[in-house]
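Each of the next two complexes has chain A plus one other chain: chain B in the first, chain C in the second.
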Partner chain A sequence: MTKDFPLYRLHPGQNGIVTRLSAEGLTRRRLLDLGLVVGTVVESIRKSPLGDPIAYGIRGAVIALRKEESSQVFVRAKNS
Partner chain B sequence: MGLTRQSFGAASLREKFAISTKSGQKIIALAGNPNTGKSTVFNALTGLNQHTGNWPGKTVLQAQGSFYYLDQEFVLVDLPGTYSLLANSIEEQVARDFICFADPDATVVITDATCLERNLNLVLQVTEITERVIVVVNLLDEARRKKIQVDLGKLEQELGVPVVGTVARSGEGLDDLKQKIYDLAKGRINPKPTMIKYDIRVEECINTIEPLISELHLGRLNTRWLALRLIDGDMTIIEGIEQYLGVNLSDSFKSEVSLEWAKVQVN
Partner chain C sequence: MGQSASELDFGNIMQIVRNTSHDGEEKIRDRIVSNIYARAEELAERVVTKSQTRNLDRTIDNILTSPILGFPIMLLLLGVVFWLTIQGANVPSSMLAEGLFWVEDRLTDLFMYLHVPTWLDGVLIHGMYRTFAWVVSVMLPPMAIFFPIFTLLEDLGYLPRVAFNLDKLFKKSGAHGKQSLTMSMGFGCNAAGVIACRIIDSPRERLIAVITNNFVPCNGRFPTLILIASIFMGGLAASTYSSAVATSVVVGLVLTGIAVTLLVSWTLSKTLLRGIPSSFTLELPPYRKPQIGQVLVRSLLDRTIYVLGRAIVVAIPAGIITWILANIHIGDMSVIAYVANSLDPFASLLGLDGIILLAFILGLPANEIVLPIMFMAYLSEGAMLELESLSVIRDLFVSNGWTWLTALNVMLFSLLHWPCGTTLWTIHQETKSSRWTILSFLIPTVIAVGVCFLTTQLVNLLGIL
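Right after this comes the complex of A and B.
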């Protein structure tokens, strides 16, 4: 199995599958509420002009995450 | 029934939420993710003109209105839109406190048919608190436009609570919704929501904490759900119990809970 990496390193247009969350407490809760559970497919949609936040496609909704949060979500590349 | 309510002070509870009820009125809470059409449903049912708008967070404090269906008067409470009830923000805490402490006769959860999956998180959180839930799949017109079909019967089966499909803007499905609200509030239907089983360590922890909670006699408050929140280390729920139910939790109760909580963390 290929190694996982932080979500923010997913390139726009690429899909990833959530492998784990390193966040704890309220941040973890918030990320789970947004639908980021293990096995979820996430698409990196586009970056804002300064590169942060980044918009992601998560379960049919577009959600912008700051690097602070997206660095605590780990994904592996989805073979497409 | 009336007596039990009186005995744990539901009437004064509702006053704390600024809900004025005459006797015989049924309280219906309206919950849902932001921007799913809660206020549109609210206006359609009550005939009021609560401001609707296509941006999140416009209903910060709850609005209320009333309507009659058949022989029954209902008070409808429009709660702030939230993705979760696990109290990360003021809106979530308002919505959660209302659903668990104001003891509504029914809670209607409005969901967006175009991204249903994302909305089901809140549905599950609500059905963990109360069995008296109706799920509304709104914005069916937009879903049709996007060629999304929702199998309402299957959804009802899987969730274990009544499901109604609506287009609140045009009024489609609202009569069906009123009928279901009526049936639920009158006790003619008794939903049995699908219960989420947690892993064995959490379940064991619930089994030890739940009896401690039962001894506190917190009325209709769901003991399993409360146990889960305590395991979660959610302090806002303790504040809620002390504030709304006027029960002071003893230090020995808190330390027993902490002990159980520590066990789950260690394993």
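Right after this comes the complex of A and C.
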């Protein structure tokens, strides 16, 4: 298995598969509620004009996450 | 899964829960959510068919939130909204003014016919009716244009894109990402913007959003800004460009307001409300085709009529009081002139005059009545100008010593000064704290005084007037 890395390092246009969440408490629950459970495919869609937040395609919805949150989600690259 | 709850003994479940460590609790939660999503995925796979509209959304987002075009498009849209408002409000405003003042003349005729005493005629016609007529003719047209356009943008789903574009600035200011949404609400009405701050969970960030909401001009202040920008700044340019110039002035003011919002948020989060931004996720919902009919009805009835109604309710008593103050004399000076004179030395430091400052103070219940109070106070003092059309307003101001610097300072003061009475009351309701309510009054007031003072002194120093 290739090494996982924080979600924000996923390049726009790439897909990743969630491997784990390092967040705890309320933030973890928020991220889970968005559907970021292990095995979920996430697409990095685009950066905001100022570089942060980044919009992700998660289960058909477009959700923008700040770096503070997306650094607590780990993914591995998905070869599609 | 697989085993329904009824098959398990309730006591057993409670036993398992009690034995679960904190770590285990998180794991259980993870498993519950994973299972829910797995099931949902399975169901969705079976029954949902995907359409192609999402690709169109992506294309639109590529343009609206692009690194190069994102900000220029926001500015352009802001400009277009104001340009349409300024351009469109002109003619109906003067038509309304003409119509309402024609009615005033007929009322005067009627009162003379009925031999109504002069003072009653003054209170009712020059005080009450005139203020009402000014408020309606100055405010109704811009609102009836601005509100529908703004509601349209809201309905399309553009506001979350604005939040997406601006979020980094708010993060840097230590503010919550949702503050750009509550700020946008403030364009309609600051009291509504303050109530909208409920969507922010963290108390620290909610307070920042509440205190700074006032720095975007609400609809009670837009007509003031638009009118002064049109007659003063627009008047400086050739007539073909005048509404373009007026538009850029209003856009510039709005940007100034946003800059002050960020600056004050930043200062608060470094001092009184120290802390780091809490976690934030923002959905960029699919674009929707707005329901034009509903937009019109909602923005005209719910917003325009509501705000105008509130303005009229406040304007009528304010008109009566102002007229009385302008017509009761102490020695050979009216009460208004007396108060205005005593405010004059301070006001002139800010590039304003006593009457302007007094109008802002009397306008505390609602910003809509600031201009009408100024008109009335000037009219009662100087020669009785017949203020029958909006074009005469400029002459009235100029004959009372206004320059472009006065106009600029009035606009800056209007943008930055204390929140209106309704907003302050709402802040108290929302924060349940007199301390934060007082601060919400003091912070903008100090900033407005400071900015006008610096502007005036700088212009005087450079001698560019």
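The criterion applied here is as follows: the second predicted complex is superposed on the first by the 80 of 80 C-alpha atoms of A that agree within 3 Å, B and C clash if a C-alpha of one lies under 4 Å from a C-alpha of the other, contacts with A are read in each partner's own complex, and residues count from 1 in each chain.
Everything that follows uses one rule, which is that a residue touches a chain if its C-beta (ideal position, glycine included) is under 8 Å from a C-beta of that chain, and two chains touch if they have at least 3 such contacts.
The structure presented is a predicted model; accordingly, all values stated were derived computationally and were not measured.
Chemist: Using the superposition on chain A described above, determine whether A:L50 touches chain B (first), chain C (second), both, or neither.
Modeler: Second partner only, chain C.
Chemist: Counting residues of chain A in contact, which comes out ahead: chain B or chain C?
Modeler: The partner with more contacted residues on chain A is C.
Chemist: Which of the two partners, first being chain B and second being chain C, lies in contact with A:R66: first, second, both, or neither?
Modeler: second
Chemist: Would you check which partner chain A:E24 touches, where first means chain B only, second means chain C only, and both and neither mean what they say?
Modeler: A:E24 contacts chain C only, not chain B.
Chemist: Of the two partner chains, chain B (first) and chain C (second), which one does A:G35 touch, if any: first, second, both, or neither?
Modeler: Once the two structures are laid over each other on A, A:G35 reaches both partners.
Chemist: For chain A, give the residues common to its interface with chain B and its interface with chain C.
Modeler: 26, 29-30, 33-35, 59-61
Chemist: Write out the stretch or stretches of chain B touching chain A in their complex.
Modeler: Result: residues 83-84, 86, 88, 114-118, 121 of chain B touch chain A.
Chemist: Give every residue of chain A touching chain C within the complex, in rising order.
Modeler: 24, 26-35, 37-40, 45-53, 55, 59-66, 68-69
Chemist: Touching chain A in the complex: which residues of chain C?
Modeler: Spelled out, the residues of chain C in touch with chain A are 26, 29-30, 33-34, 37, 41, 50, 54, 57-58, 61-62, 65-68, 70-71, 164-165, 167-169, 171, 177, 277, 279-286.
Chemist: Spell out the part of chain A that touches chain B in their complex, as residue ranges.
Modeler: Those in contact with chain B are residues 26, 29-30, 33-35, 58-61.
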